[in-house]
């Protein structure tokens, strides 16, 4: 039973099939393949954005770092949550790709509030040439704590950013899970809400390794292509990226898959809610559950071979009642039976 | 008929099968998968280098840029051929990853000679702190003109580099093709000949997108891992890189595939040699043929739908006899029938 | 009456005289001048550190950024106070010079505490290759709020850093002012307390523009020289840097000058303490006074032509009693008469 | 007798006097001083460019690297002569400041020809996103071999660059010497000839350490200010840069000083021409003389305490007649008597 991450399960059979199908004959390299043309059309349609510029890369960090480098100048600062992936989990990739842009941590945890963002923006650029200059705002949707910005929240933050002429980036590593949680359209969650660029994740939601960077205007297209190549993220045999994305988007597969993952998390949440001594560190709104449980429960789960990460607190320790928080990530491939078995173990702890 | 590049043909069926096989159940991410452990063992065995450090990335440019960044300091210069991929075809990726290391172009064309390298090394660092400092030597094997360094040549260049304490990098995007041309062992072509780090290409020789970086000592391992992550080249679902490489190396598949590609090029070369007005800009020694032919022959080939690139001279022009040089790259999937048809067209031009 | 900064007053007459004296005949460039040899000896003597490596640059930001770039790797994070000059006032110079190292802000204000530093260090590097790695600790002495770390505090912080093998940098833009406040030796405040590298400021304390970077071991000397040159901070007519520093250090001029500045600040502080409605945002311990006074007092001061910066709060506003904090910096050239006139205005407000 | 460089002699007395004069009372820092306003007016007047943006830094490398970083993108290449200071003598500072822009070496030696530049430009950007993109053209005036581009040559090169929309940078470390050699106006040698940005040197021609960067349009002003600060090249006590430049420009001092230096070089050249076995490696056109003389002559000069650098060939060696080339740089402070004594030694060798 794996709850460690949504990158440890298998890829979707349809995606794998598409890879097999793509592996025939010759195809132009470096994004000039026919499948990429299809992907571009699919994404423009799905996002109701006929002029969107669409690029594929293979990792989420590449999508984020390249998108931010295109938006930010090296003397600026990027506003993000303190637990943002770009801050905590990318080994300074944004700093590397931007050439030294700073990250300003806004607020205390997973979500940025309008008040905290305004205060952070106001605090910068009060020192003229001496201080870092204001740069892009980056929102993580789903957040790193499993919560989801509402459309109203995104709009309010984007609108504030727009007042200062700051572009808005969305780290959508779990874009589909957020969309399913909000039951809205991709356009509503992005450009209609003021988002300028999206890292549109597909890897965590059933692909092998592919992410799209989507710009809703075409100001930066050639620059982005050069940055992608210079970053060594342009694939020669590009069709194998295109094929994954094409199958992922086809027939709403991506949304169905995310729905499935979210439903697994909901089943887990519902089950945990009924168990005494279990609480939630953050309200589970997509496919990640941050649950706080006594050490004894964790011991039993881990003894039973359940794989996941303790997020706060230390497993070593003698008090069986001490509460420890763990992250449980649900991917599409998780079975209801496994969830029920998990709940059984917790219940019996 | 595609002769444009060895990145336009399909991947090997065995590699594709391995991907399908790998797509089962859960696997640890980020290189902690079991298949990666296998790959490490395979490469250490194949290279007779039990302590080699082995890392996978998805593009050749990533392999080169990360390897060079690990070897070079930003105030140094890298010695390479003027037609090296790292200089001409990576959009300044080495400069980006190193933080501004310079490239010193040695000699006139595909191969670096000992004399030219000595002169270039001697010319640097005559200015103390003012000039760029001497850095790594990078050799491309197969060269970008389809020629192959002999073992003696590699040894002589490495030995010269060693005299100045300069490390040697081999850009082995077509490593297997060179090995087949030389009929030697991987160890002989690398560490036994003084090479410190290899970009071990697999993409061009039948994989979808995977390259190994191999260090023959373990000085730089942790640094390389950090550089790879920071460069956004660490795959979360790493097993899909491992699976390709594992299958590629299994049962000498990689060498057999390269042998096939080289044989195709030999068949093409043999055929062309017999045709009047056709000559070779560089001796074809692996899987690339740089042939010079009258414009009229090119017109006929292109009219027949053959895909390849004119390398020097301009197709537009009226003189049917003017010689133009083109690059013809042969990959494993090319059929003898297609080569013969190609020769037929040339012969009848 | 200028209290805006210690960079707005004139240079010391002895320093100016030394410049004039140095302007004779020929001298070797780039630090090979005789005066630089003298400076090296002076600093080694003053710091009781015969093996110290000493370099001159012209700005404090250059000293800090070059020193930190020599200590830190681009995938690390530098631990500093949130109000540190390197974070707030250098327009991302440290990020630029390091190639993208992050800054982790420790604690809430001017001083880093051992507890906060331990927590910050522990919070990093819990994510293996994914997160930023632990890097140098940077202490500002005098802090940006006019307070001074005690020797005990420096030792405790350095000792904690040493437990994690992290080097310690001291931003000593106001080194002399701190030394006078502590009445200790340079060695006691630096290497004897565990500091590895010092940005030894002279500009703010009476020079035209010169700072020393002092390494207490010689591990990094050649690297630093290359970084300085590459950063365009190596002066061709270096004697004009050397001459300033030589005169500055001669006969304890630097300490006497700082003592004078601190005494001015003490006179200002003593005067302000007796005035109702005036308080101190930070205990004034060197040559900077952060005083909080009603808006009406500020209005009167500014109307009288006193030059300084409001540090928190907004001068525009109608309530004459609202307290606003300002920074008053005292340099050596300030006259007692001016301080008394200043106090007179405040008293009469 | 110093002929080693124009950075080893003293600064002009007028410049030193200006420094002394500037050292009174308080002045705003960071370029907001009154003297800087004067300098801006002077330079706009002298260059007949009322809208020029003018910035001061302290080293020539800073002027070049910051100017080029403002003009070039990191995925581009800068076209320059193989002996350009930016290539040979700045320890990769341009690569550092640009974030990894490449330098393409045009031609064989000191001057770029139109034909060579066209060929070099045409050779780039034939590979789409893969290769480096075309970037600025950088001309060194006076060249590093003591020759001077004619106005016609500058115009022809700039006009070619303009055809490709490439900006033109002039490294004018010896700007005044070139101007005197050409007997033209600053405007004629720069914007009227198509130059976009000038590194306007003053250090080598009698200042202590100050250079202006002059942009002939105001597109890049704020960006340049941020780059200068981020590069740690913004002086807090800026008046000491302004004062130097102000005095340097006043009453044509700068042109008179350069005229003097050129006259010294002309005296040296005239004398050497009459001496058998002495020839010139490059036609001496400004204040640098590259003379080729038998080893025996060099031995005598060096024995007599003359200081200069052998530029090609090796002083060690037994053949007294073997010709070795040396660089002799003349600055304004050189006396005729010393030149004559020098010639005497050569003549008697």
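Annotations
Chains here go by letter, A, B, C and D, matching the order in which they are written, and residues are numbered from 1 within each.
In the analysis below, a contact is a pair of C-beta atoms (placed from the backbone, for glycine too) under 8 Å apart; a residue touches a chain by one contact, two chains touch by 3 or more.
Only a predicted model underlies this, so the values are computations on that prediction, with no experimental measurement involved.
Remark: among chain pairs B-D and B-C, B-D carries the greater number of C-beta contacts. Averaging Cα atoms per chain gives one point for each, and the point farthest from that of chain A is the centre of D. Centre-to-centre separation between chain B and chain C, using Cα means, comes to 51 Å. Distance between chain A and chain B, defined via averaged C-alpha coordinates, is recorded as 34 Å. Between the Cα centres of chain B and chain D there is a gap of 42 Å. Contacts with at least two other chains are made by residues 74-75, 90-92, 96, 99-100, 129-130, 133, 226, 229-230, 234 of chain D. Under the stated contact rule, the graph of chain-to-chain touches is complete, every pair of chains being in contact. The touching residues of chain B, when paired with chain A in their complex, are 2, 5, 7-11, 16, 19-20, 23-29, 57-62, 65-66, 90-93, 96-97, 203-204, 208-209, 226, 229-237, 240, 307. On chain A, the positions that touch chain D within their shared complex are 30, 73-75, 99-100, 129-130, 133, 223, 225-227, 229-230, 234.
Within the complex formed with chain C, the chain A residues making contact are 74-77, 88-92, 95-96, 98-103, 127, 129-133.
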